[in-house]
Amino acid sequence: MSTATAIENKSPASAGRFEPRIAAFVCNWCTYTGADLAGTSRVQMMPNVRMVRLPCTGRIDTAFIIKAFERGADGVIVSGCHPGDCHYSEGNYHARRRFAMFKELMNFMGIDERRVTFSWVSASEGRKWGDVVDETIERVRALGPFDDYKTLLEETP
Amino acid sequence: MSRIGVFVCHCGENIARTVDTAAVAQECGKLPGVIHSVDYKYMCSDPGQLMVKQAIAEHKLTGVVVAACSPHMHEKTFRRATAGAGLNPFLCEMANVREHCSWIHESRTAATEKAIDATRMIVEKVKRNAPLSPIHIPVTRRALVIGGGIAGIQAALDIADGGREVVLVEKEPSIGGHMSQLSETFPTLDCSQCILTPRMVEAFQHPRIKLYTYSEVESVDGYIGNFKVTIRKKARSVDEANCNGCGACQAVCPNKKIPSEFDAGLGKRSAIYVPFPQAVPNIPVIDRERCSYFRAKAKGSTKVVCGKCAEACGKGAVHFDQQDTLVTEDVGAIVVATGYRLYDIGKDQDSELLKGYGEYGYGTVPDVIDGMQFERLASASGPTAGKILRPSDGKEPTSVVFLQCIGSRDPSKGIEYCSKICCMYVAKHTMLYKHKVHHGQATVFYMDIRAAGKGYDEFTRRAIEEDGARYVRGRVSRLYRDGEVIKILGFDTLSGEPIEMDADMVVLATAMRPQAGMAELAQKLSVSYDKHGFINEAHPKLRPVETNTAGVFVAGACQSPRDIPDSVAMASATASKILGLLSNEQLEREPTVARVDESTCSACFHCERVCAYGAVEHKDIRDRSGNLVRVVASVNKGVCQGCGTCLATCPSKSLELDGFTDAQIHAAIMAF
Amino acid sequence: MRKAFITQENLSVLSGDLERAGRKVVVPRPSATGRMEYGAAQSGSLTHLGGALPARSLKATFLPPTEALLRWKNAKDDVVLEPSEPKALPTVVLGARPCDAAALAILDKVMDWDYHDDPWFARRKATTIVSLACDGVDSSCFCTSVGLSPDTTKGSDVLLTAVDGGYLVEALSEKGEALLEENKTRFTAARGEAQAAERRKAATDKVRKNLAVDARTVKDWLGGNFEHPFFKLGSRCHACGACAAVCPTCHCFDIVDEPEGLEGGTRRRNWDTCQTSKFTLHGSGHNPRNDQHARLRQRVMHKFHIYSERFGETLCTGCGRCARACPGGMDLLEALREIDKLRRSSRPSAAPIVTPTNPPISGGAR
Amino acid sequence: MNELRQLARKLLADKTVGVVIGYEEGQGAVTRPSFATSPEQAEKLVFDARCVQNLASYLSPRRSTVRSLGKPAVVVKACDAKALAGLIREAQVKREDVVVISVACGGVLADPRSGKALSEAMVADRCRDCDGAHTSLADHKVGQAKAPAFGSPKVDARLAELQAMTAPQRFAFFKSVFSECTRCNVCREVCPMCFCARCMADKSEPQWIESSPHLRGNFAWHMLRAMHLAGRCVGCNECERACPAGIPLSLITRKMQKVVSERFGYSPSDDPNVPAPTGAFRLDDAQEFIR
């Protein structure tokens, strides 16, 4: 694919294509900074992500993910420091347990777990952040809009 | 009702090229509660900041949103401007429309849409921001320096000279570190010990430096300004107060054939020993692993096997029954200056990442030595009194081959970084060799010559041009012993020809690695470290001597390979940072800390279990007559670092994190 | 009023007719969780209307667990309100238990008291209730103690009584007459009246054996005994509110505003219960009903005294669901029996103590 | 039975405790919780297969009416003991503040109202994988412990069925059962581990969990309830027993119990000193799902 087509494809204006809305919950020290690095390195990525900055993945409550789905997110990214790198030493280890349980719960409830990307992106992994973003968008695009969740309210008898 | 001002920055063309900043300002102006919304070329400029200040006054703003670059870049700037206009600085937040938007997207429509969304989410968050005041915490105005090498000594002296007490902890029996082992230093070829020893003595005698040698940091509690450090003083078996350093004990020790660590295994020492004659303090230590007395005891023998040293000591200073002791020291700041160790090229590596170089015969071919061993051979105080003699037969080598980048810059062996100092010390070695063995030929196999530094390139040129070192660009594939000589098979990549040559001695410039046990120490200090074990600085450019844990600083080769001037510069920088920190009786801290809603706390203390800092305390709630009604969790604001893990763990959502409250995050998601 | 007969088979057909005519048909049927509950008929055959009471009452059909009252839209400096039209589809309930139908008539009073509850009455008006004389009496039933019976006609438009080969059908209201008239081809001449009377009497006798108390006398006793030690009922109560969730007459609701992002949102009313501590929790942290004793007393008081004082009706149909549902083994029959015993053993007080409730308000603001 | 009554009588007579929380005959053929505060009332106490309730629930600080009766002795089955251990582990009950009477239990009935005798078909599901042993928390043991011998829990078979479905099928399944939920909160109120003075679901500023019983609110509630109970739920199944809508809550609690067991090696324990898996971590916790 030529650069020009790649960029063209990244435009949400591309006719007829489903553009998923992705919410991202990221830690301040690694992933947010890594995303900053992606910016300073001009790593191009698709524009479908809206980010919420938290101090640490330890702060990320699974209620955030549910609320994002309620608000119409088609996918969610949750990202923080690699194990051992947590700015607060242990926050990401606690988060990892929480996310592991939540991931299994989602799957059990029939929420396609491919709608949520959990990743470790360090402050130096600007390129990886771009990859995580683009992969998530493509994956969720393939899954289609999360109508199951969006229509829950209307479907209440 | 909120009165929010939105300020959209063009960042010259940086944002405006891709984002329709006027549209962002216009759209955000339509949001409920936004009463002022403008865009401007450079918000961070003086006129830009003035716009913010004037708008705060004119429109009686209750919140400020700057849609511009990353908050990591300019949050402080705009919070300062906000404060300057009399509004609490924490009522100002930034929406990142540059790094996270204009710089990474091409489509103007999509980037503009994203910028509007991002700003809207921050607007909704700011509506729930609360004014916060900095937290004041008391400061213990003394410092701890871990590591007594040149970096640690320099840091300790600078801090002590600046008027603050220092606790200096060194795990070896003497301070001095690797520098004390070096013969001469590049690029001036001045004598290492001559410049170091006075500093060692100065540190020892300094009224404000408390020295713990043969000691290690056991544990660290607390936080910036208020660390409580437990130090393990290992049993020296010699009473430091009584010993006068006469050396009689060493003279009588029957066990004198122990390879000396100081001489990199080339010299010998006794079981009770002072590592080197200029050691500070000049007090011996018994190597209990090697001492006959202790070895017999360890085997369960009840017979007193030796004890000659104790008999010889006129002061009765040898105490076989000495035990490790733990002492605690209160300090306000900590310097990590633990230095480095050399990569061991053998196949048995301590890390799975490392592979080793079996092909270079280190340890099997006796005349293959490493750089530190060469230093000892060249040193006047070394085992050969400064003569270059090869270990196998004590003959003077007429041909010495130096191999650079052993380990370094070789991802397949697990070390991808450059060890930085080897190019320079190899050049130095060739010169020292030539100066001592005039008819000798030094040959260097190198990958690249990295001689950046004042006088460094000139120095390597001198080695080649004046002292006749032969530099071959290429690697050696194999070397082996062939009778009296070492056969070397290599390749000259410049001429494109294979090389086969004989050498009397081979010196390997092995990589610099962090000291063993760095991960454990880093965990005790809650500082982050890279996969090799080097301590991470807080910012590679702007905060090079700070770590991610407030109050813990880093100097020297434990942060990355460093030469002496770098290490000393870092050490002085940490000292300057610490003297600044300790100049106040109280510290101001960002108020991004957790707090407990005592009315709903159910005292399950999940928060306490997840807190990495021990910031959660139990608080008694009493009625007016003083009767205990219930117990709740309470956060020590001085200890809390603001990660918020407790919030996500609290079952009843009875914790909040100022700056990132649930209401703020919820509002941002509702604006998604 | 008209009487008729319908076969089991024709009742099934009638259900289909009604659906085709655009009516929603509510019947007792297995729910998604496998319990007998009132709910929309699965199109096709009605098998068995009778048997034990559905696990929860009929009230959800008229007072849904959640209901939108209005929607709002946020404008720049304003909020625009859009009232929500109540969902009131033309509905026929087939096989309501008479006690559940009676509950609706009892609730009509409060729903038309100080405020005319439009959604409630819209659905009441749109619904025809065909009850089935109860043949599922069990040991928790006590409708006869609150002035009802297994064949009570209160609140019903048509009463069915199972007899050999089908059901005796009695129209009880104009809506009932209309239903029979509109679907007259499905009905034949009334028969089995003697058998119906016999079965209904047998059911009534069975209920009487469970509890023989007069709710009116209970009311009198409660009026003077607000502080009576009898009300230390709360130990085994979990304050869970299962009783209220299954109760046909508990009608308390909570009103919440649920935003949809920044655009606006919906004001909803949701079921609530006085059995939880939060029900009466003040913003100050003070809670006037601070323990479970007080909350259970409130439940008994409201049902048997406060509501009767105000509306002349007991707020209980004796369906016994609370006793069946309570995970802690609480039993209203036992409480009523105990109150009756206390009443008999004490002399009537000279001047009734006024309970700390508001005086009845007649009419009220609409 | 006599042994239990005798013990209760003694504990009440010598004022060791203010109340013995046990079981008594209820209305009809069922038993129910009993709060004996005098030696005479100890005569009411019974224990048999109808005694399904988890009495540890009454030790939760939310049960203020029970707390006002004085120091409790509580009759616990092996399953209930895990809930008591949970309350001690999470600092809601001090071990020394309660006298534990462990009763030998050979399994209880799934539905005591049925009036049926205990059998493979009638036994409560949680009893199927219970070892029936007296808890190590016991201050007093009544009866000879015996392991109930029944088949494996039926909920596991249901879980396997669900797991075999596609994600959309599972979503549809949970939608159908959650559509019955009226958010009466009975599941929460009867739960021995839901001891919070103010549930997160009742926090309105901000409101993470919509309180309305529409499907969206119900999904949020049931998922976050599962998260909050993961690693803490003891599997007593009081929630499912009490649910007025008959929602199969044990599917969710059991699933999470399995997740926690498989991932973190933790099963509900009657030892308060065994740390809960949440609030802890291992450096090598599996992270195959993290990119």
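Of note:
Read from first to last, the chains carry the letters A, B, C and D; within each, the first residue is number 1.
Everything that follows uses one rule, which is that a contact is a pair of C-beta atoms (placed from the backbone, for glycine too) under 8 Å apart; a residue touches a chain by one contact, two chains touch by 3 or more.
All values derive from a computational prediction rather than experimental measurement.
By number of C-beta pairs in contact, A-B leads over the other of B-C and A-B.
The greatest centre-to-centre gap from chain C, using C-alpha centroids, is found for B.
Chain A has its Cα centroid nearest to the centroid of all protein Cα atoms in the structure. One inter-chain figure worth recording: chain B and chain C are separated by 72 Å, centre to centre, where each centre is the mean of the chain's CA atoms. As a whole-number value, the distance joining the C-alpha centres of chain A and chain C reads 48 Å.
Between the Cα centres of chain C and chain D there is a gap of 31 Å.
Residues of chain A in contact with at least two other chains: 61-62, 67, 71-72, 84, 90, 94, 98, 156. Looking at chain C, one finds that residues 66, 261 touch two or more other chains. The multi-chain contact residues of chain D, meaning those touching 2 or more other chains, are 179, 198, 200, 207-208, 210, 213-214, 278-280. Of all residues in chain D, those touching chain A in their complex are 162-163, 165, 167-175, 179, 200, 208-210, 213-216, 219-220, 223-224, 226-227, 230-231, 252, 255-256, 259-260, 263-264, 277-283, 285-287, 289-291. By the touch criterion stated above, chain C contacts chain D in their complex at residues 31-35, 37, 55-56, 60, 65-66, 139-140, 234-242, 244-246, 254, 256, 258, 268, 270-271, 273, 276-278, 290-293, 323-325, 327-331, 333-334. Those residues of chain D whose C-beta lies close enough to touch chain C in the complex are 26-28, 30-35, 53, 57-58, 62-66, 68-69, 113, 176-177, 179-180, 182-186, 188-190, 198, 202, 204, 207, 210-214, 217, 238, 241-242, 244-248. Contacts from chain B toward chain A in the complex involve residues 70-73, 96, 98-101, 103-107, 109-111, 113-114, 117-118, 121, 523, 526, 528-529, 548, 592, 610, 612-613, 641-645, 647-649, 657, 660, 662, 665-666, 668-670, 672. Listing the residues of chain C that touch chain B in their complex gives 74-77, 259, 261-262, 285.
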